[in-house]
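Pasting the structures here.
Next come two complexes built around subunit A: one with subunit B, the other with subunit C.
Our next item is the complex of A and B:
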């Protein structure tokens, strides 16, 4: 952080991007629980016949929560998890080895390159929170790769979370600044900075990737007091991410340094209040590869 | 005469009727599942509009005595006309402006109160007083149900921009200077309900799909909202938040973008229930 941002703006930009991605990787476990709760325990859209499938892959598997949970439900299906984050993969492997998951496996793959997977190899490609490991501008090409490794008739399922409203004014201000920072870092698909924008773009992106039977499902997340600790921890994680990015937020002229500190502690207080209220949305867009 | 009123109120009426259809579909019923219908006798909707909800309630539950209030006599006439065909003797309409006057009822007169989508009507500053008044006429153990809608994430940049402008209009109307993203006051309901002395305050948020091939209702709702809002558009113009020509282009873009086949969007329906405790303790 001691590096002068002026010295090499491009390098600095990549640094910030990596910081955000790292922080979001750490939120994976928490978000897995939030996704499950939002979807009423469902791990994928109801019409996908996992029980009749042979091979499933989770791209950007993080700590492997989704892979291992699916493997627990369908022990006969071969399930792969891939990620580029060594720490996350280590944790995933530790968990796998601690349980009885013979058909689940994890591998390191650079998702920004061509995937080292055969054409048409998979029945089901699962892609959750792709914004965590992929810059939005690369998404169309990446989705093409996902389609390539699917067998004809196979399913691509993408999902993303979007925070909608939170009653804490301090949190709302901090989050608005984070969204603006994402726009500046090319990590947003909503140039107005009102949302991250990836969630709402999944459906159009899948249509543009020429999938068939494309549709989407919506599930709400309670960010108020109804879900207790999950929501609170999630909001606190977002606030710490903002603290991590403070130099950038100040540099972008969104805060002065002292103003930020004050707002930061105010936001921490407000999101822990009993009468906190708020909601978010999980968007799951999915479709099927054509030709049979 | 009636035709005339109809044509003037038409966008508002169709908006409220489409909303009502959406609401009862999503909430799968007229009142939230959590509310025990067996104990309900007297029901009040303090801002009933063209009467969609009260008429359905009176039809579905003949044993209830249902009352609909509204400040607008024309709207009440439309509501009464809408109900004629059903021969309902358990439904009453009455004129009352809850923003300005107390409710014309003795304390503890109702078992269930319904307030849906009234934020264009009741400004943020008036809500705490309104809530106390609602609670006054509610019987101990009675239920209050508030329903509101907010726009969720959408794939159309123009609609996103329009929503931000609309939220700014609401903020100006409420004399707020802070940044606001929401149209309604739903984020504050919990706090106000608790401050008014309510118990068991529970919130549920339901998503409504806008766009996608299989769903026409969501789009119809937005279009109805846009069509209705010649008033809102005029307001937007008068507030100088956006240049007039730019606004025309924006509205055109919205209409275009939400009808694209790959449009994706969401509305959030917020449903909050609360009960009045036996002993009402108002904290201020």
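Our next item is the complex of A and C:
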């Protein structure tokens, strides 16, 4: 690779990280459907008594799907959504104003800094796809912040998705390269590059954060033809993300430029096949703050 | 390390694993199938016979034939059948990569639990062709496979990566040159290719860790045993040094017995019919 003296590798790395995070934010609506399907329509673990709660926060709320859906089910509960993405917050507010969601609100908050929320203010902190806005190395400190803003006895719920297998050889090759790119960009918790790794680490991380009654639930995501269009759109979004990162994938020596283009169109074809099969997992790890 | 050295613990582990799988599936068959109408049933890759024996015990009208390529597991299966006094179950050693020595249009149902190493990928299509031949028109076929999806053990993730590399080296990669591919996700397209109809699949999550049920660990232990059995191959292909491999294996075992271990996979269940 020719080294451009002007280029700063660290800046370049941040740029790629931002690209991935931005692309994943755009997938939020699809991911909301995927989470709901995986969990059989359930938005949080059954034992959490939302009906008896006063204040709930969704960190990294994106377009506000989760917040507004919860607000529809529990109109008396105050539900906050925070994100750092202005576009996502704009869309969330438009949807809030279009419906009757008096107790739901959205706010811009930088989740990479100390949260501007009072100690013990919340009954329930919800955190889905934290890898979308947070580098894994920051996760332990961030979870401490989440615990701080919970009242004693309050619940922290975290969910992540892991794509496992898809019956498309071209997609599988591209996805394997994306996993390697994540390792190179320090956006992975699995150095082997077999998985993204955040989903599997949520449970040990919550235990390390000294929560009580920590447990996890496991759900499968159907990425095959039996679930239809959502799965297909999701896989196509991932292929477009890879196209966005093509310069990085080439730079890392994972593909040559032409090889990638060929594989890219092959993958698009294969994930639209009538007999496509595939699956992923959703891990929802959760626990309660002690000292009630 | 030879297979027979670890054969006994395997049969116990397989029992636990069989329990887990049937629990996940909520039965021995896909829910839409009526077991009472099945007289002749074939179990391919039956291993120590857990499914075949359980099926015969549950459905007294059924005759079950179990086939596996390893004489060691067939001996164990026969012993269990004799202990349970189940003469309606027969076990035979048979190479699944060769034509089955069974008559045409004999079976009402075929059950097959396929593992990554149970059959070389190029043999799957001919085997399913053979299944179709020995099935009577209208009979059903049920293919199952289990794959881990994620674990919190860094040692296991590294061992898994090495397993992927080994798979490619010994030509057990399901799609040529493609790591991390198992038969499960290709069941539907294989069934289509061979000419089965009404092909459907279902997915079931399988917890490999957590604190709720100690039985969850049986899958981890079976992987551990598989790794132990194939240890010499990792060394022979120089994928890893002996000491590193042993360290990884020890670490993996420590990890999956620890209270903060998280691991999960999916059971893929594909179901189809032979045209009437």
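Everything that follows uses one rule, which is that the second predicted complex is superposed on the first by the 286 of 292 C-alpha atoms of A that agree within 3 Å, B and C clash if a C-alpha of one lies under 4 Å from a C-alpha of the other, contacts with A are read in each partner's own complex, and residues count from 1 in each chain.
The rule we apply is simple: a contact is a pair of C-beta atoms (placed from the backbone, for glycine too) under 8 Å apart; a residue touches a chain by one contact, two chains touch by 3 or more.
The structure displayed is predicted, hence computed values, not measured ones.
Annotation: superposed three-chain arrangement on subunit A; subunit B versus subunit C shows a clash. In the superposed model, A:30 makes contact with neither subunit B nor subunit C.
In the superposition on chain A, A:252 makes contact with neither subunit B nor subunit C. Legend: residue contacts after superposition of the two complexes on their common chain; A:204 is shown touching both subunit B and subunit C.
Of the two partner chains, neither subunit B nor subunit C is touched by A:244. Shared-chain residue A:226: touches subunit B and subunit C both.
Residue overlap on subunit A between its contacts with subunit B in one complex and with subunit C in the other: 162, 164-167, 169, 172-173, 176, 190-192, 194-195, 197, 199-204, 207-208, 215-216, 218-220, 222, 224-226, 275, 277-279, 281, 283, 285. Within the complex formed with subunit C, the residues of subunit A that make contact are 162, 164-167, 169, 172-173, 176, 190-195, 197, 199-204, 207-208, 215-216, 218-220, 222, 224-226, 273, 275, 277-281, 283, 285.
Subunit A contributes residues 162, 164-167, 169, 172-173, 176, 190-192, 194-195, 197, 199-204, 207-208, 215-216, 218-220, 222, 224-226, 275, 277-279, 281, 283, 285 to its touches with subunit B in the complex. Looking at the complex, you find that subunit C touches subunit A at residues 147, 149-152, 154, 157-158, 160-161, 164, 175, 178-182, 184-189, 192, 199-201, 203-207, 209-212, 259-266, 268, 270.
Across the complex, subunit B meets subunit A through its residues 150, 152-155, 157, 160-161, 163-164, 178-179, 181-182, 186-191, 194, 202-209, 211-214, 261-266, 268, 270.
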